[in-house]
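The structure follows.
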């Protein structure tokens, strides 16, 4: 998984049923030192993260749908933790 | 997941049975600000999206087949929502 | 999923049992306008495609094994449709 | 799968329940000759690896959650072995 | 899936239980004409391949674990066939 920083959210007409109560975040992928890399993505919020939070982001559809508390939802990216500290040995 | 814009559709001889009633869209991946990036892809339509709609696109085979209402279909990309608004904090 | 054009096949000693009756195609990924991109791949044939056919290619192991009529086979790419027409709105 | 070297760990507020007892490692992907490539990733520790260990890293959500002893956890990368020797024929 | 050539093996302390009897191969991805591309990977051996064999390589965790005869092992790449011939139409 990778780290990211919550930078916004997406409001969507969620016609597909498993999405109805889901919160969608915009997450900027970041390096371990906090610097940005790559493009922002849209992820389901599994931990009620807030603006600016440094978060753990999983990228697999099957795993991510579990994090959102749904067994079969069409989700391919989810925020599953808020990071407190990154330590190098 | 990523955002996209519906730009066309694909008509296919769908010999594999799980595809028979499936609508296939051409979707151009877009940035959060609406600008294009990457190549257009073919995705199953899970929300009855129309021409020009800004949509949410999932990319996992297992998750995507769920969005299309099929538990085991051979699908690896699906449109699962129509986007109303993108907000940055 | 992406489009491709059937350009050859692969004959393999298929020691792993789920492969015994499987036909393997060489598929060149193509753009929506028919031009080539990327490298040719090996895919399981789920629709009995022929030489030169323009086909739909799924890329997920789990989904692809379903298209080949096997629930647990070790397959990560499959041809699941023959394309008749690509239309832009 | 690929090889990596354990270089640190991540402490996270793990609000999503399947993560509560999970140890998260920072792993630098390495070539077979031991040289670095790509960016460090965050992986669940399935084998109690230590600082500097050369490890085997799997990258699939479904498979990786199994390695962590959880059937449905939101995990997309896991350390599943410690490498003793790399041999070329 | 892609083609590869077996170039070595990896000996690992396999603390995660599903790995105990598994043989790990080093495989160099190759083009259809036999030339190398990309970096060598580590794959589970599903067909008892030998040094120098030209093989079929699947890259999905779920599918690959099936090829190794395990339903839930932490495997994301497996050798599932030995190639006899590549033919272009």
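Order as written gives the chain letters A, B, C, D and E; numbering starts at 1 within each chain.
Just so we're on the same page, contacts are C-beta pairs under 8 Å (C-beta built on N, C-alpha and C of every residue); 3 or more make two chains touch, one makes a residue touch a chain.
Bear in mind that the values here come from a model prediction, so they are computed numbers and not experimental data.
Asker: Could you give the fewest steps needed to travel from subunit B to subunit E through chains in contact?
Answerer: Between subunit B and subunit E, the shortest chain-hopping route counts 2.
Asker: Which chains are shared contacts of subunit C and subunit E?
Answerer: none
Asker: For subunit C superposed on subunit D via Cα atoms, how large is the rotation, as a multiple of 5°?
Answerer: 145
Asker: Which integer distance in Å separates the CA centroid of subunit A from that of subunit E?
Answerer: Chain centres of subunit A and subunit E, defined by C-alpha means, are spaced 32 Å apart.
Asker: Distance-wise, how many Å sit between the C-alpha centres of subunit B and subunit C, to the nearest whole number?
Answerer: Chain centres of subunit B and subunit C, defined by C-alpha means, are spaced 20 Å apart.
Asker: In subunit A, what residues contact two or more other chains?
Answerer: If we look for residues of subunit A contacting two or more partner chains, we find 60-62, 64.
Asker: Line, ring, star, complete or other: which describes how these chains touch one another?
Answerer: Here the contact pattern is a ring, one closed loop where every chain has two partners.
Asker: Start at subunit A, step over to subunit B, and keep going round the ring; give me the chains in the order you meet them.
Answerer: A, B, C, E, D
Asker: Using the touch rule from the top, collect the residues of subunit C that touch subunit B in their complex.
Answerer: It comes out as residues 1-3, 31-32, 37, 46-48, 56, 58-64, 66-67, 71, 78, 80-89.
Asker: Which part of subunit D faces subunit A closely enough to touch in the complex?
Answerer: Per the touch definition, subunit D meets subunit A at residues 6-16, 18-19, 24, 26, 39-43, 51-52, 60-62, 64-65, 72-77.
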